[in-house]
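What follows is a pair of complexes built around subunit A, which joins subunit B in one and subunit C in the other.
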Partner chain A sequence: MTSSTGSLLSLENLGKRFGSLQALEGVSLDVRPGSVQCLLGENGAGKSTLCNLIFGVYEPTVGSMTFDGAAWAPESPAVALERGIAMVHQHFSLVPRMTVVENLMLGQVKGVLKRHEFGARIRDIAESFGFTLDPDSVVGELSVGERQRAEIVKCLMRDPKLLVLDEPTAVLPPGEIGALLDICRRVADSGRAVILVTHKLAEIAKVADRVAVLRTGRLVADESMQDADMGELVHAMVGRELKPLDVALADDGEAPAASRPLVTPPKLALVCDGLTVHDRHGAVRLDNFTLEIKPGEIVGLAGVEGNGQSELGMVLAGLLRPTEGHFFIGGNDLTHAGAAAVTAAGGGIVPEDRHAVACVTAMSVAENMFLNKLDRFTRFGLLQRRTLNAAAQMQMREFDVRAASPEVAFSGLSGGNQQKAVLARELTLDPLVALVAAQPTRGLDVSAVEAVYRQIRAAARRGVGVLLISSELDELIAVADRITVLYRGRLVGERPAEMSERGAIGALMSGQVA
Partner chain B sequence: MTALAFSLPDRRRLLGMAVPFIAVIGSMIVGLLLIAASGKDVPDAIEAFMDGAFGSAFAIGASINRAVALSLVGLGFILAFRANLTNVGGEGQIAVGGIAATALGLWPPIANLPLGLAVIVPLLGGTLAGAFWGGIAGFMKVRFGTNEVISTLLLGFVALLLVYWCVQSTALLRQPQTSSATLPESLPIADAVKLPGLTGNSESPLHIGLVICLLLAIATAIVLQRSTFGLRLRAIGLNELAVRRAGMPGGILLVVALAIAGAFGGLAGAIMLQGEQYYLKTGFSSGYGFDGLVVGLLSRGSTVGVLAGALFFGFLRSGGISMEIMAQVPAALTLVIQGLIVIAVAGSVILVEKLQGGR
Partner chain C sequence: MEEMLAIFIASTLRLAMPLMLAASGELVSERAGVLNLSLEGMMLTAAFFGALGSWASGNPYLGVACAILASVVVSAVQAWLSVNLRANQLVVGIGFNILALGATTLLYRIIFGGLSREEIPGLPKLAVKGLSDLPFAGTAFFQQSVIVYVGLALIVLIWAMLNHTSFGLSVRAVGDEPRSADKAGIPVAATRWKAVLITGFMAGFAGAFISIADIHTFTENMTNGAGYLALAAVIFGGWNIGRTVAACLLFGAATALQFQLPAMGINVPTAFLLMLPYLLALLAVAGVVGRLEPPTSLTLPFQRGK
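Up next is the complex of A and B:
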């Protein structure tokens, strides 16, 4: 361990226990001013817990912290903020209907509002860290990246000595990640310290000065970036030999799509015929979208986020009526049939927004995993909890959903386990004809990503037609049979899913029609 | 946080019971001070209250009958509330239940039915009428997105005016007008339609409404805790989008939830009419719907809480009426005291949560 002289924040043997769960144990770490400290770890490794201890959300069970030369035991985030630690959370806390300047004034100003002065300050701060932010734009109309920058400015206005970013890149489209990492660098160069929590290795290489790895609550690596070896970091993170990311993305050795033995398809799995969606303001979000997916086929839908993917996902889930066009699952027209009919016809849906659409976080894991099949566990109207929990236990084993028991709250699961549970629920539909998975690996760690791909491929081999909507091109190339590209709501092209097509697909995604 | 909570269950429970209890006693003392301040004799008032609430078999029976009506509305409320629906239309649901029960009870073919059907059919009629009334609000919510707080409340006013119309118009339920002194009321229902007494003691008005209420309370507890339907209500209350996504008929669930809440209100109306009033008159629901709503809210979703709250309010109401008659304590003052108690209980619940919560 390095000496603590010259460090801004140092953690000494920090531990946190929640009931019977030891979330963190014996963590000692030094964060120096002017540096970017990356915190790496799988979902559930304790990264968020550590941030929350530093930020005063929780109190540590054991251990001590020092910050800026004094003992650090903030009783609340407000105190932490006051004394120089600011945090950007995974979920933003901005009011969508208000402008950036109004949002940032909340809680920071009293009495008379001086919009212009405040707006100018926002602009100045953004500029001094090398980006732009329009203080008068309405937050709801900003992209995710812009919203995040607003959050960062909100933190920087307090002139913190330490800025903590909890998984900031998980929500960003690929193009915006680089810009965020630049901002991190500039913040560190201004003499502040930055703690960047992530599970994406590539980002660390770009920006970190030091990297620490957490695994099941313990610090298993803590080194300077110059000494770090990517392979070793992966190993430290997952605790077992795992193929590095790009290998994990590749096919799992099963027969490639073309030579897959197919049962002659009686019907197409999923057909979209001229789907068009206009939003409330009359803007075209999805424009004459037509696509056919055969049983056993995995079709990737590439595109930068916000080009109509969300609308398409909602339409296919039966939650949004298209303005025009039809879609069919297994030959049934489900355009106006609603979500229940989509499920009944064998349409498995992995929604983009896990918390809002896929699950009821306050209910148990078992209840969530069988949310669409509760009738199976009902006798005389009563829910057979024992049978339900036993079935959930089996399915959790099968799909590697890790939770203390089927009865724990869904919200207690890590993102990867939540996604695996949702996938389990949708893939065990009977019959299952088509699967629509939207951004299914977003925010997941390496091993969870691998598990999700494995399940999707296995479903395709069973004859399920899969539409994989993703903004990660590498993911699509690895998993899909062919890749179609969505740009401004329109299908602009189709390419084979091959590495050599990367450039061509990228060009299509950015609107340069090939 | 959880570790602390699990290690101290006894202290937690004690705190959870002691604080509301102290709060109620406190607000009652404030109430007595108010009575004293209004120049009334406090011992007289207390005596009148006790007489009216517990003083006789009649008093106790009447109090329990009041509690039955309040419980039913409260049970309906917590069922719908499980789906995050706030039914504030209990008053109107009681009213339409009462209208239906009166109409059926006054219709000779039904009043002459054998085997107790003369009692049962009007009860069911009232229940269905209430379910229809609640269901309208549910339909409006699902179809047009109308907030159920507004629709149930406004439908309540419509129902109260319906009662007025019914008893004003001889073409509907008003008794035949034989003189200018004929009151705007319906004819009394026949004995065969009245709810049978429970005790056999003609002094006690206690009727089988209590049995019906207890059975329904047990059924409600089972539905909420054990049934798939209860789980679905909870799910849709927590995340409607996810429930629809998972292929449950979300809209139907919401309509059914409000219809059930309405059915409980309608049944309460029918029981009030067939058990005690025996004829329909304007304002016969006299605030039971709103008191039942309070009972439901204070119970925090617990069936036992509804029963306890309803009993408390039932006795309070009887005692209050008696205070008004015997000790000349204005009815408004009773309402003030009732309001104080509601605030005290609600406030103490928040306080208990804060004390137990921590971080």
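Up next is the complex of A and C:
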């Protein structure tokens, strides 16, 4: 560790616990004025927690900080702002229907608004850091990059000594990233310190002076960018211990994926042909996505969240019309057919948002388990509750969904049991041709994760083609036959699902060309 | 013919006035994210207490003060329920309207019951010197009740406040993105409170106009849906004060036609003319004519960290 003389901010053995979760442990770091410090790590590695400690959102459990030559223990973000730390959050805090100048005046001025004067100041600040910003444009009509620049100017107007940017490149299209990095460089050159938080190493390599890597709450690397080896950094970021998942799944008495006999396919289970999605700001969220999945095959789609997975899941569920391209389930073009037709054609969907999309939490377990087949249980238009509950009871046993009875509210189930119930509903579709499971194990405990994957593998053995979208690389490696990687809405590569490929897949996920 | 037109304009302005006052007040609180469906109730309460104050004191200006006070009290309860207790604004509003109708009817029968149709002291018409004698414009614009001129000035003030002061900026921010406003250090609850009180103040003026300036008496349910028309005008106006005032004038003109067309010898069924302003409002609210987006957080209570 470098000595703390000459550093603007230094962290000393910092730790933070949330209940039983050790989010951060023993982190010591020095940030120098005039430098760009990159903070690298996967989702959940503790980057945001660290920023929130510096910015006064949380208080550390142990350890101490010094900032600008004095002990640093801010009790709130307001104090941090006042003392010279400004932060650009991942979710912007601008009011879309107001203009840039109005947004930046909010809470900063009293009395009659002097838009012109304030607007000139905005222009000056933007210009002094080498970019332009029109103060009179309405924020909602700006591109994401322009909005981000407005946020940055908002921070710079307070003349901070330290500027923290949380995942600033995550929201940007590739063309705008270079401009952002130039701004960061200029901010640092003006004598301030910049902390860039990201999980995309390749993008920031050219601007960072130093890079620190966090993994599961610990600092695993801290070096000058000049000396750093990209491969080692990637390994430091993603190379954690293998979870016992594949061992657990290997025990189910089945042959491993590779030697599984495949029935010669009459038709492909799922075909995506050039799917492209533009969001309402015109940004490309999914770019010419093309993939074929054979019956009985499990294809993993890896990628850091926010790279187009959500959009892909929505398109395949029939909830979002792609701007371009088509997709087929069992040979049927369902691109514009809607959710009901996807279900009817044999597309089982396990949506990524379990609570909002996958179920109706106020309804009973039985009703949720047969939500897409309720017409089977009606006679003369009336729901036959007894038959429904009996059927649900059987299915709950089969899929190990634990609830007091089929009639209890779905919201009363644990996350694992909810997911098993959703899976049961989708896997019992008849016919079932393809299953699209998006982040199916998010928030589940180990035993529930195992149960979910056991069911998915069993479905594949019955000839269902499975697209498994997940940001958990270890799980994908354990379950899938091959792994494709989504980055910025585009398929950037495909690798065999083997542990030895972990580094290569991780590199693809973080945006490095294979 | 020219005389007719001048009278038509004058009565349009007179009939639109309570709508303009109430709608521009309501606009402020809707821009801050609070919907006062109770606008009708505020106006009715104000009309009653305005009449009562004017009758009891013999001074119509004291009547106006009573009207405003009564309406501001109602709006304070509305603000407390919808900002602090985060109650459902639609339900609270409807409840207020039913309560106001019942309470004013009851009080009217107890207090005025014996002296129904009693004339109460009203506000004078103000003929603006030098202007009221102008051939056309004099009749059309400058022989109005004193409250009309004050009201117009207030509406201009509200416009300036919303668009050119830091308070107006805060109002718009808490109505769209209260979370962002909170982060920028704007007190969300206090801003919404003030906005609702402004609505109460303006609704008080509107109610006073109806009972003291226009008709000089109080009758049961005398606002007769004017509050709802004002709410419709805000929607029709796309939450923009200029367009909202224009919508009020349109509704006022539709009402004025009821009196004007028969006088001109044009035969249209009275029922249709009575219906016309409400029909226009319905078409407007249904978005047949240029629908605009409401403030993003309209009717949504704010709670930090949720």
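Basically, the second predicted complex is superposed on the first by the 261 of 514 C-alpha atoms of A that agree within 3 Å, B and C clash if a C-alpha of one lies under 4 Å from a C-alpha of the other, contacts with A are read in each partner's own complex, and residues count from 1 in each chain.
Throughout what follows, a residue touches a chain if its C-beta (ideal position, glycine included) is under 8 Å from a C-beta of that chain, and two chains touch if they have at least 3 such contacts.
Everything numeric in this text was worked out from a predicted model, so none of it was measured.
*Asks:* Based on the superposed arrangement, let me know which partner A:6 touches: subunit B (first), subunit C (second), both, or neither?
*Replies:* After superposing on A, A:6 lies clear of both subunit B and subunit C.
*Asks:* Going by the contact rule set out at the top, does A:78 touch subunit B (first), subunit C (second), both, or neither?
*Replies:* Second partner only.
*Asks:* State whether A:282 touches subunit B only (first), subunit C only (second), both chains, or neither.
*Replies:* Touch status of A:282: no partner.
*Asks:* Quick check for you: in the superposed arrangement, does A:112 touch first (subunit B), second (subunit C), both or neither?
*Replies:* The answer is second: A:112 touches subunit C but not subunit B.
*Asks:* Considering only touches as defined above, state whether A:94 meets subunit B (first), subunit C (second), both or neither.
*Replies:* A:94 sits against subunit C, while subunit B stays out of touch.
*Asks:* In the superposed model, does subunit B or subunit C contact more residues of subunit A?
*Replies:* Looking at subunit B versus subunit C, the one contacting more residues of subunit A is B.
*Asks:* Quick check on the superposed pair: does A:69 touch subunit B, subunit C, both, or neither? Answer first, second, both or neither.
*Replies:* neither
*Asks:* With the two complexes superposed on chain A, say which partner A:102 touches: subunit B (first), subunit C (second), both, or neither.
*Replies:* Second partner only, subunit C.
*Asks:* Can you list the residues on subunit C that touch subunit A in the complex?
*Replies:* 164-166, 168-170, 172-173, 176-177, 179-181, 183-186, 293, 296
*Asks:* Using the touch definition up top, name the residues of subunit A that touch subunit B in the complex.
*Replies:* Per the stated touch rule, the residues are 17-19, 58-59, 317-319, 338-340, 342-344, 349, 351, 356-363, 367, 371-372, 374-375, 377-378, 381-383, 425.
*Asks:* Taking the complex as given, what residues does subunit B use to touch subunit A?
*Replies:* 1-3, 6, 222-223, 226-232, 234-235, 238-239, 241-250, 359
*Asks:* Spell out the part of subunit A that touches subunit C in their complex, as residue ranges.
*Replies:* 78, 93-98, 102, 105-113
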